[in-house]
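Input: structures, listed below.
Both of the next two complexes hold subunit A, though its partner changes from subunit B to subunit C.
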Partner chain A sequence: MVRVKHRYLVATFLYPGAPTATSSKESLSQVLQFNQPTSDRLDAPLLLKAIRQGVAELFGDYGAGVVSPSLRINYLSPATSTAIIRTPRAHCQLVWAALSFMTQLPDPIAQPCVVRVVRVSGTIRKAEHEVIRRAKVIIKRAQE
Partner chain B sequence: MWAPPSVVSIPTSKAFPNDEVNVARFVKAREVEVRALEEGIRSAKKSQMRRAFQDVPRDMRRRTASHNPRRVPQRLRNRIRKEMKDDNTPVASGKSGSGVGKGTTAWLRKDGIKQAKAKAKARKKKKKDDDGVVVTKLDEKNEDMDVDVEEGKEKKDLRLKETLLKSLQTRKPKAKRSTTLATPPKPPAQFRKRQIHKSWLPTHLFHTKRAHMTPPVEPLWRFAVPLTPTQKSYRPTHRASTLRGAVAWDMSYMATIALEGVEKSISGLLKAIGVGADHDGELWKDGGFGKKWRTGTRIWEGWVFEREGWPLKPIAPVVVVWSSEGKSDIDATDPTSKVSKTPSKRKVFIRIHPAGFLQLWQEVTRLAKVQKPSVSVEDLRFEIGSIEISGPGATETLQTALWPTQAPNSEQYPPDSPQAVWKILSSCINPGSLPNNTLLAFNISDPRLHHPPRPREATEPAASLALLNQVISAWPLDKTLSPPALFDRNARLAAQRCLPSQQSINRRKGAAKPGQYPEPRPTDPQIPVLLYPSRISGSWTVILPWKCVMPVWAAIMYHPLSTGSTPRFGGLKEIRQIAFEGSRTWYPGDYLGTAAGWDWELQERAVREKEWSKRPKGNRVAWESIDLGNNRKGEIGRGWACDWERLLLGPPTPPESRASKSTKLSLPPFQHLSSPIISDLLSSNPPCALRDITTSPTLFTAGIKLLTRGVPVPCARIYRLPTNNAELRAKWLSLVPTSSVLYKSKSKANRPPQALSKDVPLHLRRRALAAGLLAPVVVEKEIPQPGDKEYPTVPDEPDLIGFITTGNFNLGEGRGTAVANLLADRVLVANAENKVRNGKVQEKFLCIVREAGQGFGRLARWEVV
Partner chain C sequence: MFYDLNVPWTASDRELQRTVAFLDELGYDVVALTHTLSGKLPADLTCPIPTTLPFPTPSRLRFLRRCTLILADPSQNHRISQLSAAYDILAIRPTDERTLKQACESLDCDLISLDLTQRLGFHFKFKMLGQAIERGVRFEICYAPGILAVDGAARRNLIGNVVGLIRATRGGRGLVISSEAKTALAYRAPSDVINLASVWGLGQERGKDAVCKEARGVTVTAQLKRTSYRGVVDVVYGGEKPEQVTKAPALSKAERAEAQKKRKADAMNSNGGSLAGNSPKPVPKRDFKRQEKKAKTEGQVEVAPTKDAASGTKVNGVTNNMPIRMED
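Coming up: the complex of A and B.
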């Protein structure tokens, strides 16, 4: 059987600029503000729906048809605003574009954010390694 | 469908309760994420279905392991059996091996096995039913019986030794009048039929299971020589010999000639065959290295020539060892010897490669009769074997394998003796750091008695190094080396005959205390051993009696190195590879001027022609259609060979048809010039011609390094710079790579763009970068490449000077190097002309190398090797 190959996009949700909904006495450092946690209401089905809508808006029926079979959220952590999204290998750029064009979290939440794709990998193992590496780097930066 | 286990992620409400975002919680959330992901990766790996044969190291993996559990290392066998049972995989059983048979034979064999198993089962059942007593441990009675058997054997061994000693005392050895070539020992009946036209090395059974051997009908030098290990070992051998580990070879096919006689006659004989003929006979002077060598504390490595053939007719490189003088047992105990009146007899070993053995033997036997008093010559080819081991772990391996026998009366050896020095050398990693050409000789105990090896206690590195340095600088063995027992035939035979069987050794090991080696006994063989390090190749050579090679080989092969793994073994290909990587030549392949070298070349030629002709026409190189430029078509001579005849005789004149091959010369058409002589000739001022020394064609060995690109290959053609065509010569010279070519070029367009300095403001630098990216500056390559129109063509045939004998990518140097044989007179003519023209230094020693099937050549530099 021919092997169906995928690409795994590691995406982070960044919050530049606007202050958080919570009020805190100290002003947060920039690192913490950028990488603040996402609301719990963002779960895998909601994000999936948002991506599909985005692809359909940008690339029409063709885009939606070609991307949807293998589209899947492998890992989503609202606490750290990180996600690993699986896409078909030939059309990962469509999903990437849809993510880049997202200006806010999907509708019930509607918080302005920036989705940044940090790494594209052919195996989920390497994508997980990248997430681990980034987490370690950010821990160091946050502690400074 | 199987889905990978998902990674758990914490919701934000748990990680940040009350929506507080602070550094501590932030960091904690990330840490939890990291741990969860790592756990996910681990569980994914475990849950992946991985069969046992996929967990086998790379060099043990086999395609057939999935059906036969025996083809997998022992530690995984149980797992594979379980997996195969779970999977219902059919187990392949008993289809390979000798005696398995097909059809009726196979059925009968299987039936026989079934019956034997049934019988064994019935016997066991009967035993159980008969006596209810279960024997759990050896009774005292049984132990005594064992000891009796041992004692009986011991007595027998003692008696054997006594008779040998007696024979020493009653019979004086006679000088042999007729010297005959040695015959190999009679092999066991099972293997006799395969050793009629060749003989096996003592470690043959080890090598056949692990290496490609010479084909049964085409042995090399009448020995079954291992050619290369079955596993891929080019890079591992390179690493083991230079970086970490060790490589060992069984060199028992090296021939040994023993000379016995008065020192004067032996010296006369050795001088006649050209030992020490160079360096103005310094070897024979009274003092210095020569004196040490003649007293037996040093070995001499060098070339040996035909009678009155120095310096142009070499036979082979040899190692000559004198046995040091000392009071031998015979003279001490035999009152009737006339030792006091006549000068004592000395013994000498000459070790030579089997390719040159016969020629040397004929010379030596003829010369021995001529000496007054005559020298007795003995052929010790099947009495003495040797092992060579090289690499950083070589000394460590030998320390484990060679244990000196205990001193009599259980004393300690004096600190000057070879045994004590050997112990101190354990911290020496590089045998090249020892004094040049030293040797050690002592008796060792059977290595099987102290196998398996135990990890050695760590000694203080500083103290042991200090001691080592002391020993190396003082080298006490110069004064205390006693005559090596290896020279004594009785000692060799006694060692071989007293070797206990593996069964008795196992019994002794079983009887010893747990964790202890068996006690040494007086009947244990005292194996005489001679070992010397080689500075050039960084290796140790161990010489021992033929039958004692296998136990020592096993101890070497199974020694656990401190750097991990065990020593590797090598074949002929690995010897050539290591010599090549160390920029050394290999006898006989690189010495066309010797008879053995010429034979080797003819052999290789036949092999290559066969390989070429067996390929279909579309898949092989077409020698006739190679375009050499300037309307020259066709390869020079035979493309698959180093066509030396063509070099000598030139292109065939028209009347001769191309089909008739040039006369196959069985005698070597060339002579060989040794490296010091050719170096002298090249550097002498005014340049002297070869005509002063000889008129027949001579070759010398040269090392080749390509200047720009390319990897030299065997049989490549080598040309000197064109002598007739000044224009072509200038073109070739312009290819010599010097950085001045580009930077000094007058046209600005050709100069590479200079990097802007840091003083230039950022925006200007950015502008330059953008401009560079949008319209990259193309630097016209002034140096033409092969395939361009300007690339110079290959010189004509009169400028052909030689061929490459060994060439490859040199892992030690990181570029392609080669060893070639060049025709001396053409090279000297070119050299003289160069001097006349006052050519620049960089023009010296340039040559053009063209692979046999290619149309273009590459510039290279050669030097005498």
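Coming up: the complex of A and C.
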């Protein structure tokens, strides 16, 4: 069967910036600080717009055009700071590069962050497995 | 094993601690803390970076100390050998074509790290760069200035220069990718870096080599230059035990021999119990001492070959339990 091929990128948001002044956060371990939950104001359209902008900035109209037909946010969980992003298979590197060049969350939030792509998968099923596995690993590490 | 050979060192502990923890989170294994010198070399060349950092560090991470020397004038470098002895890695940052030529051809350094965010007024030539790569000097690409760049110019220059470097090194042989990030925000995970390099035209395999193999090559050759015999053979700590522990089994062996002797003597005594009247005087004290000494030496001789068998090296009868390992 002929179908449109995709790549699914599993991305996590990390926060290496200085902790905010509240003393309660000061005592948290570094693992929890880096993997803290994302602001609830971040939703899929906002992230999608930011990615489109990033691709357009890095690769111009060509990049934006080539990527746009199948770019989509399949899953976004602010609580675990994880997202699954669907990209065209041939041009997933452009989206990945745009994510690497992101230094802060999109504009109304504007919190400094690092986006890390942890898995590139051909099917969404495997991407979901990876998300679940990572969530378990992080919980285990946080409990230590 | 992932390497980041350019992590700017700052005296502020908290900042550095966060950076180090974040590098561990991203999955790096070896990190080189960088101290940058420019202009005339100061009188005191000792390394300001402490060997053990003043805060708890992740156990997996290994630290190296590196110095980046900004080279503006080709005549001001007669103390480079002293400088390289004080650090684990010495990198040179040439500012123009003349200094780059000098660094490629003759200077005794481990890395050549150009400032790629600036527009360099010349093209890279394979002849020049090839000489450096043949000598074992690698070229460094620092990606973080491009990520942190506010204006497009720095990023454009970076990409243009990287493409030039890849072309001049015939597909990216002998390149190392590292970060040079001013803040923790600009560090990226190794896989992200490899993807970036692949977008810039380096190729997936070469990109991975640039973060793993080539970077490892730099650290190993730098270490060999400093510690080994003629840069070829080095004695690596091979897990040999400290002095006391090696002696202990020999002593115990002698004691065992002594104990055995005692037992024999006991047996003789008990045997000779029937000949009570003869009162067989046990071995004279002098003989006993001699025997004891003999037992001791025998015990050591007995132990020595087993040690040899374990380590596999014996030089002129002197046991050498440090395995000599060849490094590439």
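As a convention for this text, the second predicted complex is superposed on the first by the 136 of 144 C-alpha atoms of A that agree within 3 Å, B and C clash if a C-alpha of one lies under 4 Å from a C-alpha of the other, contacts with A are read in each partner's own complex, and residues count from 1 in each chain.
To be clear about the criterion, a residue touches a chain if its C-beta (ideal position, glycine included) is under 8 Å from a C-beta of that chain, and two chains touch if they have at least 3 such contacts.
On a predicted model such as this, the values are computed, not experimentally measured, just so you know.
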Fit-or-clash call for subunit B and subunit C when the two complexes are aligned on subunit A: clash
First, second, both or neither for A:Gln30, with subunit B first and subunit C second: second
Contacts of A:Val10 with subunit B and subunit C, given as first, second, both or neither: neither
Partner chain in contact with A:Gln143 - subunit B first, subunit C second, else both or neither: first
Contacts of A:Thr103 with subunit B and subunit C, given as first, second, both or neither: second
First (subunit B), second (subunit C), both or neither touched by A:Pro78: first
Partner chain(s) touched by A:Val117 [first = subunit B, second = subunit C, both, neither]: second
Touching partner for A:Ile51 - first (subunit B), second (subunit C), both, neither: neither
Contacts of A:Leu94 with subunit B and subunit C, given as first, second, both or neither: second
When both partners are placed on the shared chain, which of subunit B and subunit C touches more of subunit A: B
Which superposed partner A:Ile132 touches (first subunit B, second subunit C, both, neither): first
Overlap of the subunit B and subunit C footprints on subunit A, listed as residue numbers: none
Interface residues, subunit C side, partner subunit A - complex: 18-19, 21-22, 25-26, 146-148, 184-189, 191-193, 195-196, 198-199
Interfacial residue positions of subunit B with respect to subunit A in the complex: 4, 6-7, 9-16, 19-23, 26-27, 29-34, 37-38, 40-41, 44
Residue ranges of subunit A touching subunit B (in the complex, touch as defined): 20-22, 24, 26, 28-29, 32, 35-40, 74-80, 82, 124-125, 128-129, 131-132, 135-136, 138-139, 142-143
Subunit C-touching residues of subunit A, taken from the complex the two chains share: 14, 16-18, 30-31, 34, 93-94, 96-97, 99-101, 103, 112-114, 116-118
